[in-house]
Every structure is written in structure tokens, then in C-alpha cells.
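Here subunit A shows up in two complexes: once beside subunit B, once beside subunit C.
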Partner chain A sequence: MKLKKFILICLSALSIFCLTGCWDMLDIDNRFFVGNIGLDKAEEGDKIEVTFTFPLVRKIAGGEGGSQGSGSSNIARVSTVADSLHQAIHHIAIRVSRQLFFEHTRVILLGEDLAREGFDWLINFISRNPDINRRGRILVVEGKAKDALAIKNDFETLLALYITDIFQNWTISSRFVEISIDDFMNQMYTTDGDALLPRLSVGKTDVSIGGAAVIKDYKLVGWLSEEETLGINFVMGKVRGGDLTFDEPGQHIPISFGIGKARSRIELLEAGPYPKFKIIEKVELNLTETPLEMKVDSNEKLKSLQKRVEEEVNSIILRAVNKLQKEYGVDLVGFGEYLYRHKPEIWKNYKDNWDDIFPNAEVVVETEVTIRSIGVSM
Partner chain B sequence: MVKKMQKNDDIITTGQAMALVINAAIGIGLLSLPREVTSEAGPDGWLVLLLGGFFTLMGALAAAAIIRQLDGRTFVDYVCFVFGKPVGLILSILYGIYFIIVLSSVFRTFAEVMKNLALERTPREFLILSLMLVSVYLIYHGLEPTARFMEFILPLWFIPSVVILSLGLYDSDFGEFLPFLQTPLEKLLLGSLSTAMSMAGYEVLLVSAQSVSRHEKISYVMAVSIIVVLAFYALILVTVVTSLGIAETQRAIWPTLAMITRITVPGKILERLDVVVVIVWVVVVYTTVCAYYFAAALTFTNIFKAREFRSFIALLFPWIYFLAMIPQNVLEAESLAKLGGNMVIATSFAIPLLLLIGGLLKKRVKKDEA
Partner chain C sequence: MGNIFKNLFNKKKTEIFFERDMTPDKSKKLYKDVDENIKVFKEYLSDCDDLITREFLVGNPQTPKHRMVIFGIDGLIDKQLVQEEIMKSLMLYARQLPLEHSVGDRFFQLIKEGLLTVVEVKESDNFGEMLLAVLSGDTALFIDKMDRGLILNTRGWERRGVQEPSSEAMVRGPRDGFTETYRVNVALVRRRIKDPNLKVQTIRLGRHTRTDVGVLYIKGIANPSIVEEVLKRLNTIDIDGVLESGYIEQLIVDNWLSLFPQFRRTERPDVVAACLLEGNVVIMCDNTPFALIVPITFYSLFQSAEDYYELWYIASLLRLLRFVAAVLAISAPAFYVAMISYHPGMLPTALALSIAATREGVPFSSTVEALIMMLALEVLREAGVRLPGPIGQTIGIVGGLVVGEAAVRAGIVSPIMVIIIAINAISSFAVPNYSLAISFRLLAFVFLFLASIAGLYGILLGYLGLIAHLVTLKSFGVNYLSPIVWFDIKKMKDMVIRAPLHFMKERPEYTHPVDRQRQPDRGIRREGSGEENAEK
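Showing the complex of A and B:
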């Protein structure tokens, strides 16, 4: 009996070794949380230049204690030149003191030169490696990603948070592309390499996100201006806010509207050798600024103003769609997808030559504008 | 005869039988099912799923009819009675082998997923062995405690996973299911077969039917469990396809995991549900392997007419383990799972159907003789 008890005690003591603890334990203070990944084309050959930035938690936490004057940055930045992203991670791993950790990566920045060369390998890398955070953002930098990561901004301690938080202002400005890494991957797979990405421009102490980078076949082929991006967002039904401003002939200051709601629908009008599409746009606006001498005091005036805006929105949309058609020849407004989903019989005739057909498709826009509020003054 | 050998209380209730079937059916299939159905039928995948559910229901009802014919005999005895001893024994061994293959593929997939999801550096051997030992601990006590555990644990993983999946429906694009009905019919039928493989699980109840208390309610048990399983899989398919898109669903090895790890609820209140998913995943796999492990041990016990099924738990242990360790990578593990899936056609559809017809014929012949 005593022996049995003894054995039991020994067994339970031994079980401590296999029942407790965690095989993969890595304490939080032994990790570097990479916040941004910047990818550029290297000067030499086919290589890429990879830049990681990660916050130095010790310094950020200590900053409140009064050591703010130390001058050194809270954010560490390392770059390396490598053949692939995976190789770059290993290059950098032997230069930093802690393990790099990508589950909290917020931003992936693509340098312009690299994006023009094509980045299908990046899509593959992200989909193959589950430990990359896919709720982050991916942007194309006008210029070098490395320079964007060197910005010292006054708004946020962390650069990654600064960039991702700009996206939250999407409801205020619909002039950039709101897309997460996840949606981007989804779209790249569905369209086999065509997408719009947000464009990031670098200033002296800040960055701005506006306009779009046109990606065709996993390559950057050009840019869309902020207004053109607004047009595409109208078609895609992605407008959630923002402003519409245009000059009124004979007036010295422009008229401004805030965008309330916008909905859009695509219709196929004709399916000849080239299809004819109609974009039906319904927009609700709030009047926010008019020249002082312009009084909106009757329904007729409001109606004529609505007509005026309708024309304006029509031309914004048409210009943007035409640019995608004629200049870039890439269907990012979802005409092909619309045909595939709703008119599969017709799509069969077009799908093989869609790249040639899309630029020649005829597009008409019909906008219906409702001005919901004119403010508290006439 | 076998009944005498078992303890009197080793009888399971109707609810426990249901929990057993549901738990056995929902296993590793939930991770790969969206890929399988969308690669077969694209946007018409949900049709494939419904068709597969219908086939499974038919198979399950056939199995229920067999269970009603048993009259206290074991499944192995009944197979021998209908087909004659040599053929019956071979078929029973086929069932045993089938259970072992399914078991090892489940164990292996479990380890692969855990390595990708959370425990990157933990060796597979350790993950598989520890789960095996825990399942041995449960089934060692017999069917009744196992089934009682299943009944108890079912809501604990079912409800959280339904909640998580529903969160994935936020901001999703149902247009992914268009165009409707562009898939040729033979592809739909072929696809539904592979769906039926993921939904099988009632064969576990078939071989342990000797312990079910009320045979007259068995069709009801089967129908309800298959419908629950079907509804659960339908929810998975809809969430995964609407949030990943058809193209990526076809490409990911485990589309369901890919979907779950990226659920974000607006306002960032809930992000990174991976932890909950790991817990649910372990429980789902655990219930599946317990059901199949028990079925495997019981089948071999009945084949050898042994008194004690516990020794077979120990005897099968190394075989299952080594079979699980054979695949060199995740693709080979997939083909092991496919092999088990293909055997489902025999064990869950063909043999039960033949058995049902043969048994009825035999009964009539006997009556005529009398």
C-alpha cells in the first residue's frame, strides 16, 4: 500500500514535466512586433530591398517617465537587400536581438519601382504563410517605400497606427481606395491580378493617402487621381462620404456639397459585338457652401442645382471609367463580373477576348441626385 | 452474447445516440469541405452540399433499418448472418480498417492544423500521442460514458462555433453564389459524393448499435443528426465562400481556417478569434476520434468474439499512430484522408444497402421455410 502511494506521488511529480508549460513559449519581451513592411526594388539586379520597422516598447513605455529628451527614435528601422521576402526575414533575424513577429503587422508598403516590375510573389507569400496579419493595409508608395517609413510624424507615436488610422477617415473622404490585405488577396485571386490599391504620397513630416494605383497582371501600370478614384468608388458603390466641389460659371467661389449616401447599379443595355452598359447612380447630397449672392430659396432653384450636380457626377464617373478603358485597359469597375454573375449566357461570348472588348464597351451614366439638406440658411 | 459481456448500464439513450452521430460526422471535413464543393461546382457548391446531404440521409436511414433488424445481435454477427461467415468477416475487417484509416487521418490533420494555427514548434508526434492518450482515457470506460461525454460537450462547441461563423457573415458578398446553375449535372452528382464523405459518421452508430436502448426511434435519431450536420456544414460553406470568394476558397488548403483567422467585427471589439477556434477545433477533433476509436475497437472485439474490448484499444494504438505518421507532408495527409473518404462509399452506402436488401430477403426465405 505504501509502495503504491509512493509510485503515485512519483508519477504525479513526473507529470509536471509533461503537463505544464508550453512548447512554443516565447515571452512578449523577447519579440519585436513588426509594424510596417516596406518593399523596394534594390539598386542592383533583381533583388528587393526590404525594410521593417518595429516599435521599441521599452522606450515608448519609458517615455512617460521623462526621458523624452533622449533624442533617439521610438521606432527601429532595419533594411536589407535580398532575393525574396522570406530570405530578407532571415537576413534581418541575425541582426536584431529578438525574434521578429508578424502577426501585428499593420501596413505593407510597395515602392513604385518594385510595383511596376510586378509583385505576384508577394500574393503567394501572404497566402502561403498564415502568420502574416491579413487585417492590415497594403499601399503603393509614390516614390520609395523606404522614404515613407523614415517619416517622423507629429500625430502618432507609431507610424503603422498613423497610416492605418487614416483609413478610418474613409467616411470623410471617398477619394482613396479602402481595401485591406484580405480583400486585396480575395480580389487578386478572383481577377487574376487586377486591382486598385491606395496611393500613399510622402510629405516632409506626414504622408497622405489619396488616389489609386492601377494594378494589372500583378503590375503597377499607372495612377488614378483623387477625382478619378472618387468616380470609380461611385461605380463600385463604395462611396460613404466626402465632398463634391465644382465651379459655377459666373461665380467667383465654387459650390460645395457633402456626400450623404450613394448607391449604384450596372445594367446591360445591348450585347452586340461590344456591350453597352448603363451605370445608374443614386446620390444624396447636403449643400454646404455656396457663393453668398446665390440664394437657394425655391424648389425650382434646388431642382436646377440638382441637375447641375447630376451632370457633374456623370462626367466624373465617365472620365474615370474611360481612363480605365482607354488608358489602362483593365476592368476594375466590375463589368465582367456583372456579366459573369447575372448574364452567364452573354458572358460566354465575351470572356475569351474580354481584354480587347472591355476598352471598346460603350458606357452611359445616369445619375439621380437628391439634395437632402441645404443647411440652416437659404 | 455480447450483451451479457457488457455491463448492464452500457446502454445509451436516444439523445446520446444523436450526439454520437453528430460528433462523429463533424470532424476534419469542416476545414476542407468548402474547397471540395467549390472546386467541383464553383458557385453551385451549396447545391452539391444539399444533394450530398440527401444521399447521406438515405444512407443513414438504410443504416437505421439495419439496426432495427439486429435483434440484440452485434453488427458483425448480422453481416455474417446475411452474407455467410467468410464474406461477412472480410467485410467486418474492412470496416475495422476503414475506422483505423479515418482515425489516423484525423489525428494527422489535427497535428498539421495545430502546427499551422498555434504550436509551430511542437513536434507532431507529441500532438498526436497526447490526443490519442486522452481519447483512450475516455473510451476505456465504455460506450455509455463516451456517449454521455458527447452529449455534454456538444452544445459547448456547437454554440460558440455557430456564433463565430455568423460573425463571419458580416459584410459578406452573397453575389459570390452567382451565376446560378451553370454546372453540368454529372459534376453536381460527383461533387455531392465527396460531400457525402464529409457527412458520414453514422457508421459509428451502426457498429455500436448493440448498445442503443430504443431501436424503434433510431430512424428519428439518424434523420435529426444528419439534418443538424447538414445545416452546420451549410453555414460553414456560406460563410467561407462569401468572405473568401470562390477563387481563394478553391486554393486554400483549409479555407474554413483561412476565413476564421480574419474575422473582424466593426469597431475592432472582436478580432483574432484564433484562440476560440483552437479550443473548438481540439474539442471537435477529440469527439470525432473518440467515436471512431471506440467503433474500431468494438468492431475488432466482435470479429474475434473477445470478452474485453479494452485490450483492443491497446492493440490498435500503435497501428493508428504509425499510420498517422506515414504521410510526409500535408498533401500526403490529404490523400490519406481521401482514402478514408473513398472507403465511405463502401462502408456507409454500398454495404448498408446490400445488407438491408440481403437481410430482408433472408428473412423472407426463412419465413417461407417455416
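Showing the complex of A and C:
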């Protein structure tokens, strides 16, 4: 009686394994860990050129098999031309020996040509595909994504880790857009296709991330320079470090500051037919480099220096915001969102034709700079 | 279950002098004639070459002599004792007594009360008792013209001394361990609890072995119903022999299908004493150094005597480590296999790649690889136990280092798998209770199987099943997961955290002690006690 019950329980427990569909056992050494996905516009027609790179673990291990000096790379690169990313995966799957595995995909690179044509299908693909790692990065390449994936250097064993690890230097630079795939997806859905993406420039043996790609309606519309990106980051309150350098008239070398903290606030000053915004920026700086003759040894001198920096920051921010307003006409500094959140009754009047109103909004910047540490003065 | 054994034994009935309840058959009375007695006694023990028989005459050479005979088993009796305290007394010193005047009962009393200088003397009038006594190492004395005999305690056989318990060695704590002799073991406990309330009830089990089995408890602490239940269950045992306390454990266990030990076994008298003070009942068995403690909970199997001798921080940390070790002992290989064959996306990229790199070229799937390594380890462990000490170490080195290294070099297994299996094995030995550790090692195979067919989902199912089983398990009516089932933090002072001793004012609840108070409820004795002593 008891035994019968026991056998019954065992049988029903075993049936669970037959009934489920997720039989996805595959040993780790039978998978290719796709690290990067490069997307370019194909030469012919409407198709896209998809490039996957994945590490060859045998060579990374450096044991038998893979002699390091042989010149063959640790990283395999496979490209195909297909109608869609999904199709490309299937094209490549029949060409490689192991199963492609996307949960460790760190980087999605968008070629400039493709980005200009629009990539709303990519957003759709990522949101439908649970395999793609949402903590990865998505970048727009100045040029072709395929070329960026051909870069060879010895910084890291993996190209994907090399690119994503550059993002960790965010606190030193603040001159690019720090955004993960997850954040990007959220923003694309809330703004319906407007966002800033980091820009990747391809060098000879390395890549650099700096500046931003302006995305409007799922399309690349233009670039922001590094300084303009810094300005936008100031407004968005995303500056965590970096440096400010500018020429001082009469001095033979520029003055440099390290950025300590930066906080920003947006205020609505007037709500006429076109609103007037005020950006209040509070920046803390450390003096890092001055010409030898220049001594900061009194409060007056410090005050005048602060004043000088305030003007400089004001102009950096204003130039960046104006570029977004006049050149691209896309609200990526959060004015619309500020109104929506804090002044809903005013937002009601603007929201229908915000795209026309935003470029004509008046912007004032007020910066308060504190130089906290001036170092040792002689 | 008792019936099965009973029926089995009824079929081939040997001539047995003992009833089912193991008390000697008292119906066969002694004869008045000593020759008749000798004849019957020798008949019982015919073909027993280890029987020693010694006939002698007692009394003044001039007067009529009393014939006497003693029986003993060679090797079980202390010959020195028999010579000095029985034969010398009877044959030498008795001559100085006017024995010729005393006959019958008076003579018997004189011998018993005035002459024999052994510690324990018992009268008996039947063969059954005498026979059992002789077989237990006592000496039987028959006197001519008497239908009564004397049982003299002359037990003294070769025994192992009290040594450090090898299976429960510890740094801090007493070094004495139980031996194979029941009385010595009881004495070791008695030395720790000098309380008349420490009760020892001895019964004999095993139709042929007639093994002494003792039930120890402290009256006034241990719950009488548990003591009663233990005795009741012991009395149901009807088996030809009880050679180790393991026999008792398996015959009276609550759930014989369970993998988990429902008795705590220990070689340490201090552990027994501590458990008695907590209200447990202890079963001790002759011929084994292992005492059984009931009732127990799952958590008490993670306790070690040292926990209470060291500071509570250290004890708590060690407890925590043991629980972690238990989880690793059950599921380390399973978890590894699940991660690398079902969920490599959950690993950090760098780790996933390095694992993939180490597995490169390994011809087996990770499940088979784990199975090979685990089986190899079990074989090594078993071989190490069987072999004598020095060779056992060699096996450890050859098996562990040489074979492991060679297997990795040859590409049969990946180095990370070796690490995982090593962690698994070491963790299982960190569990203080050996029986539990063995159960965990077995469970590791079950979990590996589950992980190989369903990944983490399988492991989760395995743990669910395990917990469901543990919840239903009972040890002498006590829930196996006792303190945690109701989740009362006040009752969990001796679980993962071993609370400072002055917080443990009450005995654990699971034993349902009669007297719950363990320390008087008047705060921590610190300065106060010092002053009191100073005044005195």
C-alpha cells in the first residue's frame, strides 16, 4: 500500500520531465559564446550584413592545440547577409560546429549606414528574444561595424570585454553616453524612438568611445561631439568625473580641472507660447593643472577663476542644448519629461506639438562652480 | 516485524534455555546431588572446550569433606581472582573454621557470607540462571547436598582500554571514549553524572548473543513516555544476535525507508552526558563503543561537543560552516552540472569561458564526467577505510593526487570538475555525524541525476522532495525538523547559532523534558557569584 503510493509519486514526478518542453541541456563546451553582434547595411538591396564574433576557447586556454604565435586569432568572426537578424542566426548556425549562444552577448554594434536607415526592427528583435543579455551595450559605429569587429589588440582576450570595459572608465571621462541595452530599450519605448547612443570610432588597432549618436524616430540623425556630449551629460546630471580644460588668455598652457561632483536642476521660468527653461548646474571642481606663474593664493583670485569656469560651463551646456534644439530638433535633455512630471497642466498645452515647440524654447543656464581643492600652491 | 523473526526461529528450534523475553528458563531446578548437577551442567556445555571445571574438597582434612565444584569459561573469568578470592578462601582459610558442625543451610550461609571474598555473590536454584552467568564470565559454584548454587562475579576478560574516540576526535574536550565493554561505558557516564537519578535499565537482547542493552536516562528530566517507548520498542526486538548498536537502531527505527539517521550515535561519554542532561534517552549496547541517543532532530546531528566548550562566536561560525558544507555535500556537483549544461548564461562571461576552455577536449558530457569522478572518489574512500593506516595514506596520495592529476593531464576530466568533486567530498566530511555524511554522499548522486535531466529546476525539485521528507520524519515521536517548523526564534538558541550558555536557560523543547529549567532564572552569574564566594 505504502510502496504503491511511493511508486505512484515517483512515476508522476518523472512524468514532469517528459511533459516539459525546455530540454535545453547542452554542455558548456558545445556552445559558441557570441560576444559581439555587428550589424551593417549590405551592399545589395534591403538586406543587412550580420557579423558575429565569438572566442575560440581552445585558443584562449592556450594549451595543446592552439599555439599562440601561429597568427590565427583567438576570436572567430563570421559574417552573413540576410533579410533579418533572426535569419542571419540561422544562416550562421549551419556554418559553425557548435550552437550559438547569445546570453553572453555584450556588445551590439550598429553600422552608421544601417543606423541612418532606421533600426526599429532591432528593438523589436531584442525585446522579443529573451536570450540577449540586457546588461550589454549597444553602440553606433562611425563607419562599418564589421571593421570595428576586425580590430586586434592585446588589451583583453575578448573584444566584447574590451569594448564593455571601456564603459567602466565613464567616471574618468563623462564624454560619452553610458547606457545599457536595458536602459536603451526603456528609453526607446518611452520616447518612441528618441535616444542618445554612444559613438564608437575605429582606429588602427583600437577603438574609442566618445561623443554620441543622436537617434530620432529609430534613425540616426547625426552626431554630438565629445564636448557636446559632456554638456548634455551635465544637464542630465550624469557627470561623474572627467576634466575641463580651457585656455586662459595670456597664459601659454591651458588650465585644467577635474570634475568632482555635478548636480543639475531644470526650472520652468515662463510658459508662454514657447516655454523658457532655466538649467541650474552646480559643479565641484578640483584644480589639477595651472601654468606655473599663475598662483591661486587669494579668495579674489579663486572667485575670478570660478567665474571664468562658470562661463565656460554655461557655454558648453548651451551649445549642446542648442544643437539638439536647432539642428536635430529632438528633446533628449528631458525638458518634456520635466514638464510631464512636474507641470502636467502646462504640459497639456504643449504635448501635441512638442516637436515644434522644443526647438524654439528659450534656455538659460546658471552654473555655480565651487573649486574645492586647489592643490599645493607655492 | 517481530512476528517474522519469531516464526523464523520457531522453525529450526535449537535447545534454548531462554524465553523470548531473554530471561533465563528457571524451571530446571538444581539437584541435591552434586554429581547429578555436574552431569547436567556438563551436558549443557558439552563440546565446549573453553569450559573450566574444578572440583575440590573443603574442610578440615580429618572431618568429612564437602565436595564442591566451580565452573567458568576460560578467557572470560579472571583466573587470578578465582584463585585468590574463591579457591584460596574455600580450600585454605575454610580449614580454620569448625565446618564439621555446620551442615545444610547454615553451611551454605557460612560459605556465602563468611568465606567468599568476591564482590558480587548471587544465589540461584536453577540451571538457566547459572548457565547464563557462566557464559557471561561469572563463576558458578555447586556445593554437595545443596539444591542451590552460587554465582560469583569473576568477570575479567581481555579488553581494550579507554582510548580517544577515533571517529569523533576533537581539540578541546575530554579524550576518553567508549569501549566495547558495557559496564565500563556506563561507568564513564556515571563518572560524569553523579546523580542517583541517572537510571540504567539493562535488558538482554539476542536469542544467541544475549547482549546487554542498557537504557540510560535521568529521572526527573527525561520524559517518562519517551523512556517507556524506548523500552517498549527494545522489547519488541527478537533476533538471534545483536552485535552492534546498529542492529538496534535499524530494528526500532521510526522510518526504515529514510536515508537519514534517526538516532544520533556517539563514541563520546561527554556527549552522552550532555544529551542525558537535555532530556534525551541513551541506548547503550555491549560489545560496541557506539551509544545511541534518542530522540533527535535534524539539527542535533550538526552539533559537536566542542561547540559547547568553545566560545559561542566560534561555535556558531562552525555550525554555520557545517550547514554550508551540508548543502555543498548534497548539491555541489549537481549545481555545477546544472550551471554548465543548462544555464551557462548565469555565469559571469569570463568564468563561463574559462570553464568552457577547461572542458575543451574532454570526451564525456559533464554528467558522465561528474559520475566518473564521484564513483572514483567513493572507491578511494572505501579502499582507504579498509586498508591499514600507513597504506591508507598512500592510497590517499596515489588516488587523490596522482590519479587526479593524471586524469586531468590525459584530458579525461576537466580540472574544475576535480575541484568541484574535491569540495564535495571535503564538505561531506565536515558534517560531524558520519551516518549523516554518508547519507549526503548518496544524495549527491540523486541530485546529480536530477540536475542532469532538469538543471536547476531539478535541483530545486530535489530539495523540495528532501524537505518534504524531512518534515514528515519523526524520531521517537519528535518531529525531525523540530525547532524550525513552528519558527520560534526563542527555541532556536541551539540551532545554527549556538547562543551563549547563560542564554540557554531552558532545555531544548523537542525532548519534552519534565523539568525545563536548566539554569535558575536570576540573571547572569558574574559579579554576584564572585562576591558570594568571597564572603564564604
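Just so it is clear, the second predicted complex is superposed on the first by the 351 of 378 C-alpha atoms of A that agree within 3 Å, B and C clash if a C-alpha of one lies under 4 Å from a C-alpha of the other, contacts with A are read in each partner's own complex, and residues count from 1 in each chain.
What we mean here is this: contacts are C-beta pairs under 8 Å (C-beta built on N, C-alpha and C of every residue); 3 or more make two chains touch, one makes a residue touch a chain.
Here the structure is a predicted model, which means the values were calculated and not measured.
Enquirer: Which holds for A:D297: it touches subunit B only (first), subunit C only (second), both, or neither?
Expert: After superposing on A, A:D297 lies clear of both subunit B and subunit C.
Enquirer: Determine, under the contact definition given at the top, whether A:E43 touches first (subunit B), second (subunit C), both, or neither.
Expert: neither
Enquirer: By the touch definition at the top of the document, which applies to A:R58: first (subunit B), second (subunit C), both, or neither?
Expert: In the superposition, A:R58 touches subunit C alone.
Enquirer: In the superposed arrangement, which partner chain does A:D24 touch: subunit B (first), subunit C (second), both, or neither?
Expert: In the superposed model, A:D24 contacts both subunit B and subunit C.
Enquirer: Thinking of the overlay built on chain A, is A:D352 touched by subunit B (first), by subunit C (second), by both, or by neither?
Expert: After superposing on A, A:D352 lies clear of both subunit B and subunit C.
Enquirer: Based on the superposed arrangement, let me know which partner A:Y189 touches: subunit B (first), subunit C (second), both, or neither?
Expert: first
Enquirer: Does subunit A have more residues touched by subunit B or by subunit C?
Expert: C
Enquirer: Using the touch definition from the top, say if A:A13 reaches subunit B (first), subunit C (second), both or neither.
Expert: Touch status of A:A13: second partner only.
Enquirer: Please work out whether A:D154 is in contact with subunit B alone, subunit C alone, both, or neither, and reply first, second, both or neither.
Expert: Neither partner.
Enquirer: Of all the subunit A residues, which ones make contact with subunit B and with subunit C?
Expert: The overlap between the subunit B and subunit C interfaces on subunit A comprises residues 24, 131.
Enquirer: Enumerate the contact residues on subunit A facing subunit B in the complex.
Expert: 22-24, 127, 130-131, 134-135, 182, 185-187, 189-190, 340-342, 344
Enquirer: Along subunit A, where are the residues that touch subunit C in the complex?
Expert: 6, 13, 16-17, 20, 24-29, 31, 33, 35, 55, 57-58, 60-61, 63-65, 101, 103-104, 106, 131, 133, 158, 160-161
Enquirer: Touching subunit A in the complex: which residues of subunit B?
Expert: Its residues touching subunit A are 116-122, 126, 175, 178-179, 182, 244-248, 251-252, 257-258, 261-262, 264, 271.
Enquirer: Which subunit C residues qualify as touching subunit A in the complex?
Expert: 257, 340-342, 344-345, 349-350, 352-362, 365-366, 452-455, 461, 465
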